[in-house]
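A, B, C and D are the chain letters, set down in written order, and residue numbers restart from 1 in every chain.
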Amino acid sequence: QLVQSTFFPPAEGVMLPTGSFSNRVAFITGGGTGLGRAMTSTLSQLGAQCVIASRKLDVLQQTAEEISSQTGNKVHAVECDVRDPQAVARCVERMETLTGLPDVIINNAAGNFVCPSERLSPNAWRSITDIVLNGTAFVTLELGKRLIQSRKGASFLAITTIYAESGSGFVVPSASAKAGVEALYKSLAAEWGRYGHRFNIIQPGPIRTKGAFSRLDPTGAFEKAMISRIPTGRLGKPAEIANLAAFVSSDYATWMSGAVIRLDGGEYVSMAGEFNELRRVTPDQWKMMEAMIRNTRGS
Amino acid sequence: QLVQSTFFPPAEGVMLPTGSFSNRVAFITGGGTGLGRAMTSTLSQLGAQCVIASRKLDVLQQTAEEISSQTGNKVHAVECDVRDPQAVARCVERMETLTGLPDVIINNAAGNFVCPSERLSPNAWRSITDIVLNGTAFVTLELGKRLIQSRKGASFLAITTIYAESGSGFVVPSASAKAGVEALYKSLAAEWGRYGHRFNIIQPGPIRTKGAFSRLDPTGAFEKAMISRIPTGRLGKPAEIANLAAFVSSDYATWMSGAVIRLDGGEYVSMAGEFNELRRVTPDQWKMMEAMIRNTRGS
Amino acid sequence: QLVQSTFFPPAEGVMLPTGSFSNRVAFITGGGTGLGRAMTSTLSQLGAQCVIASRKLDVLQQTAEEISSQTGNKVHAVECDVRDPQAVARCVERMETLTGLPDVIINNAAGNFVCPSERLSPNAWRSITDIVLNGTAFVTLELGKRLIQSRKGASFLAITTIYAESGSGFVVPSASAKAGVEALYKSLAAEWGRYGHRFNIIQPGPIRTKGAFSRLDPTGAFEKAMISRIPTGRLGKPAEIANLAAFVSSDYATWMSGAVIRLDGGEYVSMAGEFNELRRVTPDQWKMMEAMIRNTRGS
Amino acid sequence: QLVQSTFFPPAEGVMLPTGSFSNRVAFITGGGTGLGRAMTSTLSQLGAQCVIASRKLDVLQQTAEEISSQTGNKVHAVECDVRDPQAVARCVERMETLTGLPDVIINNAAGNFVCPSERLSPNAWRSITDIVLNGTAFVTLELGKRLIQSRKGASFLAITTIYAESGSGFVVPSASAKAGVEALYKSLAAEWGRYGHRFNIIQPGPIRTKGAFSRLDPTGAFEKAMISRIPTGRLGKPAEIANLAAFVSSDYATWMSGAVIRLDGGEYVSMAGEFNELRRVTPDQWKMMEAMIRNTRGS
């Protein structure tokens, strides 16, 4: 962590008023681990009944029990591989029985790993885009159709990443699929408002979770480089994403749709700006450089 | 208002926990009216001591008294024309005496009016860019320098607009100046993190305030056209911006820097997407179109 | 067409110097029809040996013969369904025999149709994203790997669309897939420069081709609406895209990589800017509005 | 220069067909030096009569004579400080006498220097934004009004920079002003198409000119860092910008308006993508990392 991080301590308590999600149902893909778990925990604390879905039922069930026992609100674990449209349909049917259709949907499930692109097989490509892009689309279309049918409004949120817009080498299937998810959500924000649906996007910067970091920085060598260019001088915390996600999904944000919110400690703007590396110039060097510039004549 | 707006009722109560800004000082330019007033009111309710600054001292004083009498927290009115760097310096000095340097800075003051660009004189151009771009820069640089000097961290927020990125005809000085403000804030997010400063941006969509609407839609004819393309089917409320601004400025968002948050009911994505006008196609027409498309052969 | 279109007549002749692509091989997917055919024709006129690939061999062969007989340069037709990685590999092998690996790659093949998203089945979703996103990835990865293996540089170009960044309702699978393609190309621009590869993107606005218009505007009713908001007052011509594509793929653009070039007559900025609808205000109405604004006092 | 730069040799000859700008008048601010000089030279070779304008008449005159003697086409030198609207008006009047109103306008004049933002005085801020943003606006509005009055179409081009969208520390006034210029040009692309005007933007990456490099990299220490992250492995050449600018301003691009074209060797996407630093990982390290990732279980 950089020195300046003392100015930016994380607040990990729940932000919204108690009961903000009472009588609400929230559906979170990948809700058993990492950021998905943190969002589930926050929504549950705020009164929501949660349904979490991913491939590993045992992991989901353990998370569901742990959160539910802390918050006193039901958390349901439903097995679902989002790559399979029929599995998605079955999962939604199960949810309808358990809780009814959701008020809040968070598309958070994803896969990713670092790899030079010339080493990617077509299957490796598909292994990521099928989860991230097709999976998000199948979940969103399945739920959307049923909500429209039932004339029920909902808030949809997708978790993407700060390199979805810029692209990035070495995580190319993820970059492409996440960019696709952002276009999907901006498109539906425009199209499905008339059915009472909102669609928003959160782009997290680096946050240590086992799922992400074991596949993106297996040796741990990259973390220091990342932190050194984060203006707030530290990684994020799952609870920080969870508070933002809860706000975006809440009644305080009913006028928010089509928004894309970066929460990354400033990393993106810091990388993207051409002269930001000059942070390494010392005050003495600046004095010298100023003198040189002042003495320049003409073009 | 469109029918779907019943799905998206505005929440105008304060969102953050009581006392979120206790012992904090907030400085809001243009805090006497419109959105600035709403943000001041929210921060004051949350415990902040506020300093509001603009040209019209009487307006500021009345707002200060009204808010302060409701919240029980001090609101100070300081006259300041942000176009004048010396007036800005004097205002900041006065604030140092009154409250000390601020923890929260909101650059909200602006000017704007609709006009075909071929009717703009150089003075008309400057009348807007001097307030919006230079004014924001003078306030930000003056406060930044003093905060750095005092080794004090702070959250800076700029209020821009949804046409800052895309540009827009008929409000060109405003579009240009607001784009400049966004670049200023993204730049400083990268550069001044090391001093404990965060910089973020909120882009509001249309919200009825006297200041904005009397100069952007003097006849009232444009409002209907705007609402018809807003997916959530209504204009925004000042309190919705205020809750978002309070969150961004709060300790719950210490990892947010360099973010640009659109809050516009979905208007921007709705305008920008090439085929969104097809919302006017009726279900029967869709059936016909589907049949025609299905019968198309080849390219 | 709008009156102002007389200021913007299309130039349909070839722009680059004769022989600009002599001894070069160009590979164009979807090169048998529409924009792909126009790009093939231009590159062929400029001396390139072209390989065009898509599903319909007869269409390809006819185009190949027509162009080749006009330009005197060989055009090869190769059947290839880009959704199938093995078909892509076979196609590239065939090209290696015919012409060797290409210097210029244009990913232009695509599918699209207008449809309310609630009517999209998972298969309809996949029918578009498989061609547009996976197809582009399979072609790009297959060629990239072989070019890297052979230490050969190349220029890659993807044809996307103006709604790839903004998203758009009613063409949602296309919007998502095209956004994915853009991220893919920006990512590889960064990653594969070291292998001598450049990656760029052209975003066309509306250009009448049978393939696009029969599925996007089957009744012809939408065309007028589009033209009315295009600042240059007309649709584009395939040859205009072809000249831009030839430039981007040529030796005059070796320093261009990671660029995203919109060519749309100004439609995108015109749609996206919130106040651009005020073009409908008449001069007399402006006079009245100016008077009203001038008389406004305060905020 | 990096090894891969051999794949990307610059082409410095003129690209467009001879006579592409015959009987055309081009107005280039800052046309006496650097990129402005290169664009003037290219347009002059292509048949344009050029008018170049900036503060230093002697520099302009020397450039004018040199180019004119090489191309045989007239180049006029007109003194003009773009910060001063009256000087701009006088300059345009002089041009009307010399050549008539222009067909091509290139806003290229600018000022810039690196500096930590906490060392910027209000005057330092204004010294840059007055040239870059106000100067571009004054030139554009003055010419626009007269062209509209004369019912004459024209192509406007602005030269901005790759950090206009992202912002950048240490060049903050320039970043803000250039972002303002981009919004100005996108706005007018939408608004003034009806008068026969097009507006486009080129964002150059680093190109060694005395004016830019002496104030942005006075010690020369930064150049290596920049090159190391440019995928094409080298800086750009003025002639590469000139060929692109000539294309954009030519009759081959009459359907281009509101476009923003980055020409930067790929630097921007390379900086912005979060994982691009992994280019430093060696093939052996990749093998190890792949093994570690493959062995990861769960999230």
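Basically, contacts are C-beta pairs under 8 Å (C-beta built on N, C-alpha and C of every residue); 3 or more make two chains touch, one makes a residue touch a chain.
Protein names from UniProt, one per chain: A, B, C, D = 2,4-dienoyl-CoA reductase [(3E)-enoyl-CoA-producing], mitochondrial.
A quick note: this is a predicted structure, and the numbers were derived from the prediction, not measured.
Colleague: If you apply the touch rule, which chains end up adjacent to both chain A and chain B?
Modeller: Per touch definition, common to chain A and chain B: C, D.
Colleague: Counting hops between chains that touch, how far apart are chain B and chain C?
Modeller: Minimum step count, chain B to chain C: 1.
Colleague: Using C-alpha centres only, name the chain that sits farthest from chain B.
Modeller: If we average the C-alpha coordinates per chain, C ends up farthest from chain B.
Colleague: Where are there more C-beta contacts: C-D or A-C?
Modeller: Between C-D and A-C, the larger count of C-beta pairs in contact belongs to C-D.
Colleague: Let me have the rounded angstrom distance from the C-alpha centre of chain A over to the C-alpha centre of chain C, please.
Modeller: Computed from C-alpha means, the inter-chain centre distance equals 31 Å.
Colleague: Counting only Cα atoms for the centres, state how far chain A is from chain D in Å.
Modeller: Whole-Å distance between the two chain centres: 37.
Colleague: Quick check: how many Å separate the C-alpha centres of chain C and chain D?
Modeller: Centre-to-centre distance between chain C and chain D: 25 Å.
Colleague: What are the residues of chain D that contact at least two other chains?
Modeller: 116, 163, 166-171, 175, 186-187, 189-192, 195, 268-269, 273, 276, 279
Colleague: In the complex, go through chain A and note every residue touching chain B.
Modeller: Counting only chain A, the residues touching chain B are 2-4, 6-11, 15-17, 153, 186-187, 189-198, 205, 230-234, 236-237, 240, 243-244, 247, 250-266, 268-270, 273, 276, 279.
Colleague: Over in the complex, which chain C residues touch chain A? Could you list them?
Modeller: The contact residues of chain C facing chain A are 85, 116-118, 120, 122, 125-126, 129, 133-134, 137-138, 141, 144-145, 148, 163-173, 175-192, 195.
Colleague: Which residues, counting only chain A, touch chain D once they are in their complex?
Modeller: Where chain A meets chain D, its residues are 30, 32-34, 56, 59, 113-116, 119, 161-163, 166-171, 175, 206, 209-211, 214-216, 218-219, 222, 225-226, 267-269, 271-279, 285-286, 288-290, 292-293, 296, 298-299.
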